[in-house]
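Okay, here's the structure, questions in a sec.
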C-alpha cells in the first residue's frame, strides 16, 4: 500500500534543522509551590550560554540562544562574543512585563497611560538589545489579563494593546520582526488579553508584514487540535515562531514530545506539509521548565525529540497518503500516516549523527563528558539564575 | 460605591429585543443513543411555525423562525403567509451538508469536485429559498472534518473551503448575508474544518463585507472565555449572529442559561458593552435540543432566560464600574458587576410584561392555555418531525 | 543504561492475549447527525458473528464476541453453535436501558418503582441469556442521569441504584460476574448516575466479590490520567474489564490507539505492571464505532493496535527502569520507558504471526481475501443492523 | 407551582454557619511568574490571626483560623491565647511536604525510606501542634507525583502512601481526625498520587473512621460535576471537609463563588440535601489566593458568598421540587431549583446581619473601618509572610 521513503532522502532536511534554546531553561524554575535549585546552575547569562553551547556541541541542533530581558541583562557585545567563541549565536529577544510591581494589573493594555508607556519603553529597550546582538525577533508574551469578571474592560484593553503594539512595531528595524505569543490562561485566571491564535492573528495583521504569531504548544485549551492551527497560520502566512514544550494539563512546560509524542508528530507533519521546515520565516524554539530533571539533559532530550519526530514526519509516504486520501480510504490513509510515526528512526539517526562527528547518544555523551561535574564544582557561590534574576 | 440603574431605564432596550427560534427545536431530537418522541410533535414546517408563534405570543420575544433545508422544504410562500397570519416571519435559512451519503467525508471541502459542486448547489438553492421568504441570512454550519489523523489533507480542504464559499458568496443578493458557524468538534472527532472563531474570521474576511461569523455558545473548547470572543468579534465588526444554548461538557444544546447563568450574563454584558444589542448586524437565535423536556416550554424558558440576563446586563452601573476599573479596585469592580447579576429582575419583568399585554409567567400561561393538549389531540398520525425529516 | 528485553521473551504472553469484539461494531453506527450505512453490513447477529470470526481468523486475537440485548436477540443456542463453527465463542452480555420510552428519565435509578422493576427484569433476562450462552460477564452501562440541575434527586437515585443492582447481583450464578461501567457524560448532560471510577467502585464494593468495575477508555474527563485508574483498580482488586477505544474530545469511540498511542502504551504498561495481562479476572474488550471507516478493517486494526502496544509494554526493561526510578534519575527512567515505546515491533510481530499461520499484514490480507466483496454481494435486502436493531 | 420558603425559616441555619479561614490567605501569594506584595501584609502568625479575626468581627461567619506548618510555627499557646482575645480559635492544622529539598520527588510516597520517615515525622509534629492548639483536624495535601511517564512507580507509591498514612493515623488522638485532600494536578504534571476522590476515599477507608476525604472545589478535571461528589461522599459518610475557592481553568484559587456562582449553589444544595450543613463532621474552610485583590476584603467577600449561596440553597422549595421530580416534570423541577438561585437574598441578609449587631455591608464596613490604613502604617519592616515563610 505504501512506497516508503528512505532515510537517505531526508538527511539534507535534517542537516538544516536548527532549534533555538531559551537561556532561562538553564536557570532554576518551578511552580508557585517551590523552585528547587540544583548544583551547577548558571549564575549569569554567560554561564547560561555556555550550557546552551554544550547542547549544541553534542547535538548539532541548537546554534542559537534566546535571551530574556531583564533576566539576561549584561554586556551584550561581550555576551555575543562569548557565544561566538562557543559556536552559537544570540537569537530571539524576549521581553518581560510581568515582574514589575507596576504591571500587577496589566502592561501594554493597562488603563494607566504611564504604565503603558513604561511597558512600551521596555520593548524599545529590547529592540536596542536586538540591535546590539544582531537578533531578528522580538518575542512578546503578555501576562496581561484579569482574575475576576468586571475587574477590567476587555474591549478597552484590546484597543490599547493595538496602540501599544503599533508604537513598538514602528521602532522595528528593516530586518527585524515582532512575534506575538498567545496564551489560554495563567498567570491571569479569568481573561487573558491575547488568549488564542485568532486574537494574535487579528492584532499582528493590523500591524503589518513584520508582525507574526508565535505558537507555544502549551498555550491552548484542552483538546485543541494544534496542528490545525499550525496549518492555518502557515496558510495565512503568519506563523512566525514556535515555542515547543509539552503538557498534560495546563502550561506544564515539560520536555517537548514527552506528554504526547504523536501530537508532536502531527504538528511537524503539518510544518513539513505547509513548507514551514527550514523556512527562515518560521523560528523553532524551545520554551520549557526543567523542574525536576537535569536541565542540560532536558534540553538535549528535547531537541532530539524534535529531530526524531521531524525525521518521522519527513518519512511520510506523501504519494501513498495522497492516493489513499483521494480514494476516501480512511483506514489506508491512516495506516500510511501511522507507518511513518511507528518507524524507529533512532538507529539511523544515531549512525547519521556519528557520520557528522556527533555522538550517537548525546544524553549519554553528556553524562560521560564530565561537564556536569565540572560546573557543579566551579559554580559555587553567587546566586543561581532563575525567573527572578 | 454604586449608583444603580433603574428598571425603567432599560425597558426600551428590552422592548426592542428579538430572538429567532429554530424550527427544528419543535421537532424531536436526541442523542446517538435514542431520540424520544412526544405527543404533539409537529409533522411539518407549518406546525413548527405554529408552535414558534405560540412562543412569541406568550413572550413577545420571538418574532422570527429560522428554517432548515431540507427539513423544512415546503411551499415557502404559503409557509411565509402562515407565519404572517400568526404574527411571525421566516428568518435565517440553514443549510444541511451532513445527511446525504455523498457527504460522509466532507461537503464544501470534499476532495471530489462533484461532491463539492453538489454542496455548493445546495447552498444556492438555500439562497433561492431566501429570495422567496425574504430572509436575510444564510447560515452555514459545516460537519466537514475527519476522524483519524492522516485521513484528510487539512490544508487542501481549507483552500477548497475558501473556493466553495466564494462561489456561494457571489450569489448573495445585495441585502443578503452569509454567516459561517464554527464548531470545536462533532460529528467529526479528529479535525473540524471550521473549528474556531479564528478560522471562521479568516475565511469570512477573505470573502467580503456580507460574510460574518456565527458564534454558537456550545461550540468551544472547555474553559473558553466566550465573552472575550464576543468582544473581539464585535470589535472586528464580524459578529453576524449568535446560536444560543448551554452546555456542561460538549455541544449539549441545553436551554440557554441553564448550565452557567453567570456566563450568559457575561456574554450579554459584552454584547451591550460592544453595541451588539438591538443592532441589526447581530442576529440573536436559539439553537437547542429539548431531548427530555417539553419543547415549547423549553423555548419559552430559553427566550426568557436571555431576556432576564439582558436586563441584568443592562442594569450594570457603568459609571461605577468604570470608576472602580480605572482605580484598580479589583473587589470594587467585581462587586459592581456582580451586583447587577444578583438582582432579581423577575418581578419587574413580570410586571412590565403584563403592562404590555403579555402573561406575567409565560411558562405557566402556556401550561394553562390548553395548547399542548390541543396539539396532542390534533397531531395524530403522520411522521413526527426530527432531524431526519 | 538499559538491558533490553528480546522479542522472544514476550511471545508467550502475546500468544495468550485475547480481545473480545463487540457484535455492534459490525453494525452501523454514527452520531446524532447521521448514521451512514455501508454495503455488506450484517442484518442479524449471525452475520455479525461471522464478521467477528473473520477478524479472529486473520489475527488470532479475538476468540470472543460480546452480545448486546435486545439488539442481538435470537436463538442463542443456534448462535453459539454458529460461533463455535467459526472458531469463536459468545462472551460478555451487555444490557440496554436507554432505548425504551420508559427509560427517558432513568432505568435502574428511576423514581418510579414500576420502571425500575422493568429495568431489573431486563437484566435478569440478560442473565438468562448468559446461562444459555455460557457467558461469564454481565456488563451494565447505564445511560441514567439528568440534563438539568434540579431535574432529579441525585442522592435518591444513588440509593435506588444500589437496591436495583443488589437484586440483579443476587441472581448471578456462581461463576458469573457483573461489571459496572462508568461514564463521565452522554447521553445525560448534567449528571450521570455512575460518572467516575470512584462511584462504580463504591457501588460494586457494596455488592460483593462478583461485582467489578468496567473501565471504558473513552469515558473520562479531559486530561484524566487513565493509567493511574488502571493501576488503582488492579491494586484494589476491582478491575473487571476494559472497553477499549480512543478519543480526542468526548466519547468519540474511535479505534483504540488511534488518538493517543502513547496513552495506550502507558495503560498497557500498568496492566502488565499490575498483573492484569492474561489474567482471567480482567477482560479485554473493544467498544468502538466505525462511523466512516470499514468496520471489519477497523476491528482488525484495533486488535493489532492493542497487540503492538502490549508488545511494547512487555519490552520495557524493568530492571533498568526500577534502577533509574530508585536513583531519582528522571531523564534516565523516562528514557527507559520511552525506549520501549519507540521500538518498532511490527516487523517482529509480522514474522511471529506468520510463524503461527497468520497473515503478516492482516489488514492487507483482509483486503485481498475477497470477504468484503462477498458480503457486499450476499447481504442484499433486509435491514442493516445498527444501534436500533 | 411553588410554595416558597420564607427567609425567616432559614435564619437559624444561617446563624449556626461557620467557615474556617486559612492563615495563609492573609500572606502574599501569586503564581510562578510573580508574587506581588502589598502594604500591611502580616509578617507573622499573630498578625495573620488578627486579620482573620477582623473578618469574623465584620461577618460573624469565621470563628476559626487554620494554620500551616511550618509557615505558622510559633508559640502556639500564645497564638491560641491571641486568637481567643480576638474572639476566634485555632482550627485545622495543615502539613507541608512540598518545600523541603528532600521532597522534590515525593514525601509520604518517596522511594527512599529516610525521606518517607522524615515526612511522617513532620505529620507527627503537626499532631503535636494539634494537641497544643486543641485542633481536631490534620489536613494532608500531598504534592507527591511525577512529571514524566516512567519517572516513578505509581503502584509502589500508592502502597507506600498507605503505609505512611497508617503510621500517622495511629498517632491521632481519640477526638482527632485526618482529612486527605485530593488534587487533579499541580505541582506534579504527569501523575498525582492522590488525584481524585476515589483514591482519597479508598485510602481513608483503609485507615478507619477517623480518616475522611477533603474536597477542594478547585481540584478537579474540567467539567467535573462537583456536587455529585459532595452527594456521594456525604452518602458514604466520608466527607470530612471542604476547601472552598473557585476557578475558571486550573487550581486558580479565586474567591469562592466568583467563577461560577451557580455551581456553588448546586454544591451547597447537595450539602443541605445530604445533611452536611452545620454538621460537625463536615468542616467548611476557605483555601484561596488573593493575588491581585485586597486579601482581607477577599476573605470577607468569600465568606459572604458562601453565606448568600447557603441562604439560597436553604430556600429551595423542597416539597415543590420533590413533586416536580417525581412527576417527571423536567422544566418544572428546574424552575423550582432556579427560583431559589435567582432570589436576591442580599437585602434580607443585610437586615438580618444588622439585627445581630453586624454591619449590613461588611466589605464597605471594612473599608470605612480604618483597619487597612492602620496595618499599612504599623506593619513596616520585617518580612511579609507568604508561602515560603
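Read from first to last, the chains carry the letters A, B, C and D; within each, the first residue is number 1.
We adopt the following convention: contacts are C-beta pairs under 8 Å (C-beta built on N, C-alpha and C of every residue); 3 or more make two chains touch, one makes a residue touch a chain.
Chain labels with UniProt names: A, B, C, D = L-rhamnose isomerase.
Bear in mind that the values here come from a model prediction, so they are computed numbers and not experimental data.
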> Once you count every C-beta pair in contact for both, which comes out on top, A-C or A-D?
Replying inline: A-D
> Taking all residue numbers at the chain C (L-rhamnose isomerase)/chain D (L-rhamnose isomerase) interface, are over half used by both copies (same) or under half (different)?
Replying inline: same
> Per the centroid of Cα atoms for each chain, what is the distance between chain A (L-rhamnose isomerase) and chain C (L-rhamnose isomerase), given in Å?
Replying inline: 40
>> I'd like the Å distance between the centres of chain A (L-rhamnose isomerase) and chain D (L-rhamnose isomerase), where a centre is the mean of that chain's Cα atoms.
In response: 38
> Tell me, which residues of chain D (L-rhamnose isomerase) touch at least two other chains?
Replying inline: 104-105, 147-149, 151, 184-185, 190, 222-223, 225, 248-249, 258, 262, 292-293, 330, 334-335, 338
> Tell me, which parts of chain A (L-rhamnose isomerase) touch chain B (L-rhamnose isomerase) in their complex?
Replying inline: 104-105, 111-112, 147-155, 158-159, 184-185, 190-192, 195-199, 201-202, 220-225, 227-229, 231-232, 234-236, 262, 266, 270, 273-274, 321-322, 325-326, 328, 330, 333-338
> Contact residues on chain D (L-rhamnose isomerase) for chain B (L-rhamnose isomerase) in the complex?
Replying inline: 1, 222-223, 225, 248-249, 258, 260-262, 292-294, 297-298, 301, 308, 330-331, 334-335, 338, 341-344, 346, 363-364
> What does chain B (L-rhamnose isomerase) use to touch chain C (L-rhamnose isomerase) in their complex?
Replying inline: 29-37, 98-99, 101, 104-105, 143, 146-149, 151, 184-187, 189-190, 222, 247-250, 252, 254-255, 258-259, 291-293, 387
